[in-house]
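First chain A sits with chain B, and in the next complex the same chain sits with chain C.
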Partner chain A sequence: MKDYFRNKNFLSGFIFLSFIIFIIIWGIIKLPYEINTIDISNKLADISFKHLLGTDHLGRDILSRIMVGTLLSVEIGFYVVLFGFILGTPIGALAGYYSKYVDEIIKKIIDTLMSFPGVLIALMLIAVFGTSAKNIIIALTIMSIPRFARIARGGYYSYRNSPFVLATKARGASNFRIMVIHIFHHIYGELIVTASLTFATAVLSEAGLSYLGLGIQPPNPSLGKMVSEAQSYILQKPSYVIIPSIFIIILVLGFNLLGDGINKV
Partner chain B sequence: MLYFIKKFINTFITILLVSIITFYIFNILPGDPAQVILGLDASQEQIAQLRETMDLDSPAVVRYINWIESLLKGELGVSYKYQKPVAPIIFDALVVTLQLSIYSLLLTLIIAIPFGLLLVSKRNKKSYIPLSIFSQIGMSIPTFCLGIFLIAIFTVNLGVLPSIGYVSFSTNPILNIKSLLLPSLSIAIGASSIVVRYLNTSVNQQLKMDYVRTAYSLGLSEKTVLYKQVLRNALIPVITIVGLIVTDILAGSIIIENVFSLPGIGKLITSSITSRDLPLIQALVLYLSLIVILVNFIIDILYRFIDPRIRIK
Partner chain C sequence: MGLIKYEKRRREMNNNNILEIKDFSLAFNINNRVVKAVDEINLEIKKGEFVALVGESGCGKSLSALSILSLIPPSSKILNGEIIYNDKNLLALNIKELNRIRGNEISMIFQEPMSALNPLMKVNKQIKQAIKAHKKDDLNSKAKIYKMLNMVGLDDLDRVYNSYPHQLSGGMRQRVMIAQALINNPSLLIADEPTTALDVSVQNQILQVLKDMNEKLKNAVLFISHDLSLVKKFSDKIYVMYASMMVESSTTKDLINNPKHPYTKALLKSLPSVDKKGQVLDSITGIVPKLEDRNNNMCPFAPRCEYAKEICFNEKPKLEKMGNSCLRCHFAKELNK
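Right, the complex of A and B next:
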C-alpha cells in the first residue's frame, strides 16, 4: 500500500476522489438546501456563506445540486463498471482460456465494438428506448463490456499454458477452479486499472449525454445538464458554468490518475 | 495479396454485422413500432397506414433484405420530420462533419507532435511533471466544457472568432476556417492528449530496447539516439491510434456541433432523437459506423506499408 501512495499519480487521484467522496457524504448527511426549491428573487446569487457556491438561474442552491448530481454520476459510473466487469470478464476469460474458434469470433466482436464511438451506441439505444438513468447505464455498459473482455482475454491467453497452471492441472484442479482462482489472481490488477479508466469514461459519456439533453432528465440535477443550463449565463456569472465543469474534471481526472498510478506500481 | 483478401472479407463481415444490429435494434421497440413512432394520440387508420409503409406485417428477415436492397440503391427511407428522402439530408450534414473532422485531425497532429516531442525530451527533467499533468487534464475535460470556455475567451472576451453559425468552404474559405476553428480546437485538445500519452509510452518502451544501449555505447549523443533511432520506431504504433482518434473525433463532433450550432451529423442525430425520426437515426448510425469501419480498414492497410515487419509475419 505504501508503494501506491509514493506514486504521484495515485496519490493525486486519491486526493481528488477523497474530495468527491467528502462532497457526496456531506450531501447524503445533510443537503444545505432542497435541490428543487425555486427562489427567483435570489437568482444567480454570488458565492456567500448562505450559498457556498451561489445560486443558479432559478435561485436554486448550486452546492446542493452539485452534491446530488455528483452522486448520480458516481452511481452511474459504478453500475457501468460493475456490469461491464461481471459480463465482460467471463466472456474474455472463456475466449482466452479455451481459444480456437470461440476466441476468433469473440475477438472479432470485441474489436468491432471497441472501434465504435461509445456515444453513438448510447445514442442509438436512447433513440429506441428513450431517456432514463437505467437506459444510460445499459448503453454505457455495452460500451464497457469489450474493454473488460479484451483485458481478460489477453490475461487468460498468456497464462493458460504457464507452468503454474499446468502444475495445478496436474494436481487435479478443474478448469473452472483454475480460471476463477489461479489465473484471476494474476490479472485482477489489470482489471482494476481498466475499471478505473472505464469509470472515468462512463462519467464523461454520461455528462456528454446529459449535456445534450438525452441523459438524466430535469429537474433531476446532473453535472452535464447543469453546464448546459448555465451556458447562456456565462457573461453574467462565469462561476455558474465553471463550478459544475470543475466537478466533472475532478471526478474524471481522479479516476484517470488512480488507474494510471495502479498501472505504474 | 492473401492478406488484403482476408482483411477485405473481415471488413465485409463487420459491415454486415453492423447493418444487422442497426436494423434489428430499431425493430425491437417495445410495443407496436408504428404506435410508438406516432405517439399515443394517433388514430387507428394512421397506425395501419404506417404499418403498411413500414411493411411491418412481413417477417423481419424479409424486411431486412428489403432494407439492404433499398440501401444499395441509395434509398435510405423518408424522414418523418422533414418529409423528404433521408439521403440528401444526411449528405449535407456529412459535408459539415467531415470538414470539422479533418480540421480536428490536423489540429490534433499540429498540437500533439511538438508537445509529445517536448515531453519526451524533458523526460528526466523537473519540467516533465507539469507537462504531463497538462496532458492528463486535457484528457479529462469534457469537450463541451472546453467548447464553452473557448467561446468565453475567444468570442466574448477577445471577440475574434464566431461562436455559432457555419459558412461553407465554397462561399468563403476564410470564414469557413474561422467558423470551424473553435469547435475543432475543442475536439483537438482532448484528442491530442491521447496521442501525446501514447507517444510517451511508446518512446519509453523503445528506450528499454537493446539497440538503444548499443547506440549509447557507440558514443552517439542523446539527441541522435532519441530523434534518429528511437522516435522512428516509436512512431509506428502511434499511427494505429489515429484510427482510434478518428472515432474519438467523430464522437466529439456529435457533442461539439450542439455547442456551436453547426448543421452537421451530430446536430442532426440529436434533433432526430428528440423528434423520434427513426429512419433518419437508423441511416445516420449506419453511415457513421461505415465511416468508422472504413477508416480502420485503411489504417490497417497503411500500417502494413509503414512497418515491413508486419508484412513478414
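Right, the complex of A and C next:
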C-alpha cells in the first residue's frame, strides 16, 4: 500500500476522489438546501456563506444540486463498471482460454461493438426505450463490456499456455478452476485499471448524454444537465457553468489518475 | 463383446505393468500435410520401476509424456494407439475421469521449475491444492506437507512452507515440484527433463531425490532426458527415441553394454569418458530432420547411419525383439550376430 501512495498519480487521484467522497457523504448526511426548492427572488446569487456555491437561474442551491448530481454520476459509473466487469470478464476469459472457434466468434463480436461509437449505441437505446437512469446504465454497460472482455481475453490468452498452467492441469485441476483461480489471480490488476478507466468514461458519457438532454431528466440534478442549463448564463454568471464542469473534471481525472497509478505500481 | 476384449487385454497384459503405451501415434498438421511427431511408439512401465526415455531435442519424448496425461497441444491429433493405465485406456477417458487421475495416480514434474509453479501462490497453498483437488483429508495436510518437504531434502521447512516460489532457488523449487507431485502418493511419476534448467551439482541431487523417493514410496518413474550418461546411473530400463520413433529399448545394463541399434551405438560412442582423454570426441554426422521434413515411410536415422542401405530409405523398419531389447532396424540381426 505504501508503494501506491508514493506514486504521484495514485496520490493525486486519491486526493481528488477523497474530495468527491467527502462531498457525497456531506450531501447524504445533510443537504444545505432542498434541491428542487425554487426561489426566483434569489436567482443567480453569488458565492456567499448562505449559498456556498451560489444559486442557479431558478434560485436553487448549486452546492446541494452538485452533491446529489455527483452521487448520481458515481452510482451510474459504479453500476456500469460492475455489470461490465461481471459480463465482460467471463466472455473475454472464454475467448482467451479456449482457442479457435470460441475465440474467433467472440473476438468478432467484440470488434464489432468496439467499432461502434459508444454514444451512438447509447443514443439508439435511449431513443427506443426512453430516458431513465436505468437505460443509461444499460447503454453504457453495453459500451463497457468489450473493454473488459478485451483485457481479459489478452490476459487469459497469454497465460493459457504458460508452464504453470500446464503443471496445474497435470495436478488435476479443472479448466474452470484454472480460469477462476489461477489465471484470474494474475490478471485482476489489469482489470482493476480497466475498471477505473471505464468508470471515468462512464461518468463522462453520462454527463455528455445529460448535457444533450438524453440522460437524467429535470428537475433531477445531474452534472451534465447543470452545465447545459448554465451555458445560457455564461456571461452573466460564469461560476454557474464553471463549478459543475470542475466537478466533472475532478471526478474523471481522479479515476484516470487512480487507474494510471495502479497500473504503474 | 466389451467384456471379452477386456479379458483378452488382461491376459495380454503382464499384471506388473502399470502403464503400457501401444502403437501410439500423434500428428500435427503442417502446411496441409500430416506430420507424425510421435510414430507408433511402444512403452511399458512396471510397478516401482525407474524408466528413462532418452532422445534428442524435438524427437517427441515430451509429447509422448504429455499424451499420457492427455495434455497434448490442441493442434495435434492422435492417429492411433492406446495408452493403458490399470486396464483403462487413458485416451478414451473424459475430462472428469482424467482429472481424477492427473496428480493423483499419475503426476508430472516439468522442465522449468521457475515457471511451472504459480508465481503468485505460496508453496503451501499450491501443495494443498494438489491434495484438495483429489478430496483427500484436509485435516493433517500441514503435517503431511512438512513430511513430504523433508523427504525431498528440503530443510528450513517453516520458511519454505510460507514462501512464494520466487523466494526459493531453482533446486528448491524443483524439490517443491517433486513434493507436490508426490503428495498424493501416485503410482507413476513422469519427470519431463526435471534437471535441464538446473546446474550440474543440483542436477545430481534432484536425480538422487527422485531415485530415493522411487525406492521409498515405490512409485514408478518415467524419466525423460536427453542425457544418456545421466540416466544410465539410475534407471532400470532405457527407451531411446529418434525423430518421432522409438528406435531401441532395453534394460539399462544391456543397452549400455550391448547397444544394438546403430543410433544407440553412435550415441554411446560419442559420450565423453575418462578413457578417451585427449582424443577427439566421436560425433554423429548430420542433424535431426526437422518435423516438417520427416518422412514416415523410411528409417528416420538412415541419412546419418553408416550401415544404411537402399531399403532403409524406402521402408519403415518393423519392431523386432532380440533378447531383452526391442528395436527398429532393418539390419538388426546382421549387425548383432
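The definition used in the following text is that the second predicted complex is superposed on the first by the 265 of 265 C-alpha atoms of A that agree within 3 Å, B and C clash if a C-alpha of one lies under 4 Å from a C-alpha of the other, contacts with A are read in each partner's own complex, and residues count from 1 in each chain.
Basically, a residue touches a chain if its C-beta (ideal position, glycine included) is under 8 Å from a C-beta of that chain, and two chains touch if they have at least 3 such contacts.
Quantities reported herein were computed from a predicted structural model and do not represent experimental measurements.
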item: Combined model on chain A: chain C and chain B, fit or clash; value: fit
item: First (chain B), second (chain C), both or neither touched by A:V252; value: first
item: Which of chain B and chain C A:A200 touches, first, second, both or neither; value: first
item: Partner chain in contact with A:L166 - chain B first, chain C second, else both or neither; value: second
item: Which of chain B and chain C A:H182 touches, first, second, both or neither; value: second
item: Partner chain(s) touched by A:R6 [first = chain B, second = chain C, both, neither]; value: neither
item: Chain B or chain C, by number of chain A residues touched; value: B
item: Touched partner set for A:K50, first chain B, second chain C, both or neither; value: neither
item: Touched partner set for A:V227, first chain B, second chain C, both or neither; value: first
item: Chain C, chain A and chain B - angle at the middle CA centre, rounded to the nearest 10 degrees; value: 90
item: Chain B and chain C, minimum CA distance [Å, superposed model]; value: 16
item: Residues of chain A contacting chain B in one complex and chain C in the other; value: none
item: Of chain C, residues touching chain A in the complex; value: 69, 71, 74, 95, 99-104, 107-112, 115-121, 129-130, 133-134, 177, 180-181
item: In the complex, chain A residues that touch chain B; value: 8, 108-109, 112, 115-120, 123-129, 200, 204, 207-208, 211-214, 224, 227-228, 231, 234-235, 238, 241, 245, 248-249, 252-253, 256-257, 260
item: Of all residues in chain A, those that touch chain C in their complex; value: 99-100, 162-164, 166-175, 177, 182, 185-186
item: Residue ranges of chain B touching chain A (in the complex, touch as defined); value: 10, 13-14, 17-18, 22, 25-26, 28-30, 129, 136-137, 139-145, 148-149, 151-152, 156, 243-244, 247-248, 250-251, 254-255, 258-259, 269-270, 272-274, 276, 278, 281, 285, 288-289, 292-293, 296
